[in-house]
Amino acid sequence: MAKAQVQLISEEGLRHDGRRPDELRPIRMKVGVLSNADGSALVEFGKTRVIAAVYGPREPIQKYMVLPDRAVLRVRYHMAPFSTSERKSPAPSRREIELSKVIRESLEPVLLPEYFPRTTIDVFIEVLQADGGTRTASVTAASLALADAGIPMKALVGGVAVGKVNGVLVLDVDEVEDSAGEADLPIAAAPDIGLITLFQLNGVLTRDEIRAAVNMALKAIEYIVEKEKEALKAKYEF
Amino acid sequence: MAKAQVQLISEEGLRHDGRRPDELRPIRMKVGVLSNADGSALVEFGKTRVIAAVYGPREPIQKYMVLPDRAVLRVRYHMAPFSTSERKSPAPSRREIELSKVIRESLEPVLLPEYFPRTTIDVFIEVLQADGGTRTASVTAASLALADAGIPMKALVGGVAVGKVNGVLVLDVDEVEDSAGEADLPIAAAPDIGLITLFQLNGVLTRDEIRAAVNMALKAIEYIVEKEKEALKAKYEF
Amino acid sequence: MAKAQVQLISEEGLRHDGRRPDELRPIRMKVGVLSNADGSALVEFGKTRVIAAVYGPREPIQKYMVLPDRAVLRVRYHMAPFSTSERKSPAPSRREIELSKVIRESLEPVLLPEYFPRTTIDVFIEVLQADGGTRTASVTAASLALADAGIPMKALVGGVAVGKVNGVLVLDVDEVEDSAGEADLPIAAAPDIGLITLFQLNGVLTRDEIRAAVNMALKAIEYIVEKEKEALKAKYEF
Amino acid sequence: MSVTPFRLPTIPLYKKETIMNLIAKGLRLDGVRTPESPRSVKVEVGVIEKAEGSAHVRLGNTQVIAGVKIDVGTPFRDTPDQGVLTVHAEFVPLASPLFEPGPPDENAIELARVIDRSLREVGAVDLNALAIRPGEKVWIVWVDLYILDHDGNLFDASMLAAMAALLDAKLPYYEEIETGEIVLDRSKSEGPLPVKHRVVTVTLAKIGDYLIVDPDFEEESVADARIVLAFDEQGRIVGAQKTGPGGLTTADLEKAMDLGWRAAEVYFKALDEALAGKTGGS
Amino acid sequence: MSVTPFRLPTIPLYKKETIMNLIAKGLRLDGVRTPESPRSVKVEVGVIEKAEGSAHVRLGNTQVIAGVKIDVGTPFRDTPDQGVLTVHAEFVPLASPLFEPGPPDENAIELARVIDRSLREVGAVDLNALAIRPGEKVWIVWVDLYILDHDGNLFDASMLAAMAALLDAKLPYYEEIETGEIVLDRSKSEGPLPVKHRVVTVTLAKIGDYLIVDPDFEEESVADARIVLAFDEQGRIVGAQKTGPGGLTTADLEKAMDLGWRAAEVYFKALDEALAGKTGGS
Amino acid sequence: MSVTPFRLPTIPLYKKETIMNLIAKGLRLDGVRTPESPRSVKVEVGVIEKAEGSAHVRLGNTQVIAGVKIDVGTPFRDTPDQGVLTVHAEFVPLASPLFEPGPPDENAIELARVIDRSLREVGAVDLNALAIRPGEKVWIVWVDLYILDHDGNLFDASMLAAMAALLDAKLPYYEEIETGEIVLDRSKSEGPLPVKHRVVTVTLAKIGDYLIVDPDFEEESVADARIVLAFDEQGRIVGAQKTGPGGLTTADLEKAMDLGWRAAEVYFKALDEALAGKTGGS
């Protein structure tokens, strides 16, 4: 990746915001933040902030958009115009179209759509602030919102990106690290059933680096899914 | 409104085109001007010229666009590319989308849609020349075209805009007054049932000015609706 | 036509590529070039290269797009972005929309749509390289693909364009001749039933010139349709 | 993608027979016309005061308005010293129960492109005279065709309206300000738009074995095909288009050129009358 | 084209009667409010650190975020010495089961345009102070309204969010480099966006013969019409819009101006509290 | 918005079982391949004379054409000294009964973006060598992928076509005229497009507990998920994408990297053969 060589790892091995390589940003999760949606969640990884809402299972507005034996999942990943440094046009970009697809395909492995034939389950995700890792934060928020909506799932899904910055693998890359780094490997997984459900690589890595990065991510995702369970409990205990 | 202070009211209190403040432009109305439409009308307020056509009640082309207990009203306000000084792109602008909505909502109070369940009544309005007051001329033309199509109505609707120019309230503003004036208050009403059905304010007015402007408009609309009745009679007497 | 007067006919009466005025470019036709399509054909006139695929008769995806008593024909003429000197945007241009229509209307006279009520027959044409005469090559390829798909037809259709260059009528104009010439007259016909099914004129001709051009084209089309029959036989003999 | 029209009303078979029987006797459905004659045609210019040129055409019950707007713009890269002429047609939904709101469909695009080509190929508008600063600033001439009432034969009515509006059009007055920008004053004029040639189209419909001039909507509905021929005043053919699902024989083509030119002369006369003193037509 | 809404859930007739019976007794469905009082309103500014200005408004269960983004751009030709203010609204589908993904529909466009006009007509933002190089480079101010939860009265919540976000907004720091280009450093600021006037809207719904302030979603569903009135701090009316399918009498209008101004004072107070020390309101 | 595909033909359950039973025995549906081997691959370059570079790839029955067009344009603001590389894919309807006319859908966009990223991240095309006048004029390189026949594994066939077309591509000859404009003469060349690295992708499908290389359309239809891995010639992974509705274990990933690299070597060989003397492959 032909990037300018910015120094983002200090001599002490710390990152530009003071984190250790395997340290997550402060994470905040809140479930049930919207009154209209059947399920909803707000998720923050540092300054990255996404909100997800779930509607359904419901009858689709476009009557033909059904399957006779199971529910159809619709997912929209969308960025608010004010979420980025330069205003983002609200029309869906090619990037948003691709990410909507990979996020949908990261959720489908844990759903049980055969319980709800001829219906639609809608997951609407809005990125309110983008500071790196929006797609993995989105998967996390969507998983929480689905659980909040009472949609049966085999397991919760969580996500995080591992990057390579100045030759070092770092967990939960932010925007500065993402744009200066050598690689970005967003991963989502359902640890309770041992499945990686989102896997992309943007950059150049050896097979050994991929192994190490996947391990780093999966360990973090176990922690993230624990936080999800706490957030769900928090809602229902009060 | 931060407009250049153009002098548009003479020392004698007359307007740039010689009208008194409460004087309408020459009005012309003609009903039944198209052969295909179920009803049609051409309306002129000075150089402002609009044509409206009504199709229906008819079965909608999009079968889902129906209500089980009444007719659906579809209204399109559209400007011809040659109607303005600089050519207007024929794609619908945000302004045309908004005006289509307020015109639809200015006609619905006088319709009896429950007479025609599962049908569509279409009102298509084309602005052939725009010289101020196109939306109120459009409501007037649409009301005539609906009557010409034999659609039952509680009352006829007419419209006119009152402006504030050099501090003076003036009736039936033209384009020069609209662009230089301090306020523009388009109003439509159905005098026979005492309802204001379109009401917008673009500009700054005190509550007393609004009262005065509404009275000025309603008086003119009574006259306009009389002219509508004459135009309808004229068609059916010949 | 206000074109720069380029000399494109030599003193010996030959064209810029050495052809005589009534000479076709080398023609190549191949049937059954795609595995998914129900019928397909590749057609070359010199460097002009088009491929056509036929799907159907089949149930349309948009259920309303049917006729109760016959098949609906859908035709798309589309240029690949790399088919022209400057990259062509893949969004359909006004030219492509018009040509899709005239090509559809050049095929409908030979079809027997009443054999397949409530179905769609789809003809998809891609111009891979454009060097003049793409619409007539497209008609030729479409005719072959329809035959390859086993769609019953009254006759095969073939097409070619006649141009006027430096005052001389020339057969099968290429891009150089088309852009410098005085007139371009693309024609398609079904010689076996004596019908001209595509006829356009871009340029200025006298009535006598039109007569001569039509004769020149029809003679060539008889030859082209013979080549079509050979290409179809070639597929089924091996 | 072009699709066989599947929303047209079904035409009863006997209607086509009725029409053919009439034609065989030299008659038309309206009880007035012969197969060779166009409907009454009325051309009025200057109908839109805010446009640089305009015309309203009635061809029987068909009504079309053409508006010409003229702006300053940048030339095309391959013709830096020429103005730009653009023809655009809108089939607005008030004109017919078959028209729906939306961007121009294939019929509107075909109509605009046939008219555009016919004007362009014969050099009807002198584009070379429309450069303000060659290579930089040229006049952009928009011809907008607005169908108000569709009772058949939109081609001929639209071409008449386009031609009349171009002949009616005046170039706006302009000044070049210090920054080099061109500022228009549309209340004054630089003189008429330079129009060098007049063009009309004549549309003929083939119904069974017959060819008729200027089909109305009902006749178009039963027609097998139509042929549109554009003529200049010397009778040269400056554009042509077969349209509709059927085919033509070479004999049809021969006859169409013949009947077409006779009808063209009627249209040219209507155009002349409209322009004479710039008042109404026939 | 505007179409009578045909996908709204059917409202049982008795619900409208229930609501009217309550209003007759000076009550609302929520058991707390009078017909004249808005719901609890909470305004929070600075909620999006990456935006130049932002605000989150809760009006009962309705939630709106407004973000202000400021870029450098070209002025409009007819106002070369002024900055540009653009208001845009997205009714994103997470906010309501009635919202579908897609470009803004007529409701989102109407809302944005009413708010845009009300800000513009009173000169809320001093556009004259937003020229960087007059005629060439000016500040472009985007106000993006994001509906997060739709429980009625999007107008008032959105206008409060827009106003609070504008009052929160800072101009980014800029430098002019040799080529003449303007380069922004959004981590620093040139100072606050110049806001000269504060505006709020008050929406009243007409249900039967009654007028109520700040309708929630259920009340809107049964309302005959709504009137939106924009007020500046002196109580002048700086914008208005009747919306919905019904009509109003002159008496309704009179009463709306009266009740409207009283509610406007509540909204202005919430705005003041949010801005005081830039922390949340009540 | 992304939607679970709801128009795919229903796959009978026994077909999946048949396929899995075969794989268990080291066989595939075609009776020829092992689970680890790709289909026969044939790469031909220079197939579109008018394009600056082109290639036709057959991978079994899957056919893809890639065309490279090169124009002069403006660089991106954040990379003023680099050329621009754009990858675009069209799933034209002649390639499959499942493709409909229209703008690229999520599958076409995903494919183009995965290929674009894999080329970009490893620096396959030397964009730094593509500035004509740094900051002003640079080469714009368009890679257009055209699927002609879809029998599965569009990723690998498209990447092979893109790579071969880039290796085939020549920069057009240009001259700078007085006005500073760049004028191209496409009949002559400035030399080959500077390509520094070769990349291929290998796609593996997970069916039940098995992983197979280069799935055809039927195998894709029953697959739980696919993993696309992009390799450079040193065996580094320069891009990856899990696609499809299922998940993968870490063991799957491990195995995919292993099998993937072996298949990548087959693809690189086909590429070499196509480029050697620029004639067809195996």
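Per-chain numbering from 1; labels A, B, C, D, E and F assigned in written order.
Here is the rule we use: a contact is a pair of C-beta atoms (placed from the backbone, for glycine too) under 8 Å apart; a residue touches a chain by one contact, two chains touch by 3 or more.
All of these numbers come straight from a predicted model, not from anything done at the bench.
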| item | value |
| --- | --- |
| Smallest count of steps, each to a touching chain, taking chain A to chain F | 1 |
| Relative to chain E, chain with the most remote C-alpha centre | C |
| Over-half contact-pair match to B-E, picked out of the listed pairs B-D, A-F or C-F | A-F |
| Chain centre separation in whole Å, for chain E relative to chain A (CA means) | 31 |
| Chain centre separation in whole Å, for chain E relative to chain D (CA means) | 48 |
| CA centroid of chain C to CA centroid of chain D, Å | 27 |
| Chain F, residues touching no fewer than two other chains | 1, 101 |
| Multi-partner residues of chain B (at least 2 other chains) | 64, 76 |
| Going round from chain A, first to chain F: chain order | A, F, C, D, B, E |
| Of all residues in chain B, those that touch chain D in their complex | 34-37, 40, 47, 51-53, 55, 58, 61, 76, 78, 80-87, 90-91, 122, 124-126, 128-131 |
| Residues of chain F touching chain C in the complex | 7, 48-51, 54, 61, 63, 65, 67-69, 71, 88, 90, 92-97, 100-101, 103, 142, 144, 146, 148-151, 186 |
| Residue numbers on chain C that touch chain D, as the complex places them | 1-2, 64-67, 71-76, 94-95, 97-98, 100-105, 108-109, 113, 183, 185, 189-190, 193-207, 210-211, 214, 218 |
| Chain B partner contacts - residues on chain E that touch it in the complex | 1-4, 6, 106-107, 109-110, 112-113, 117, 121-123, 127-128, 225, 227, 232, 235-250, 253-254, 257 |
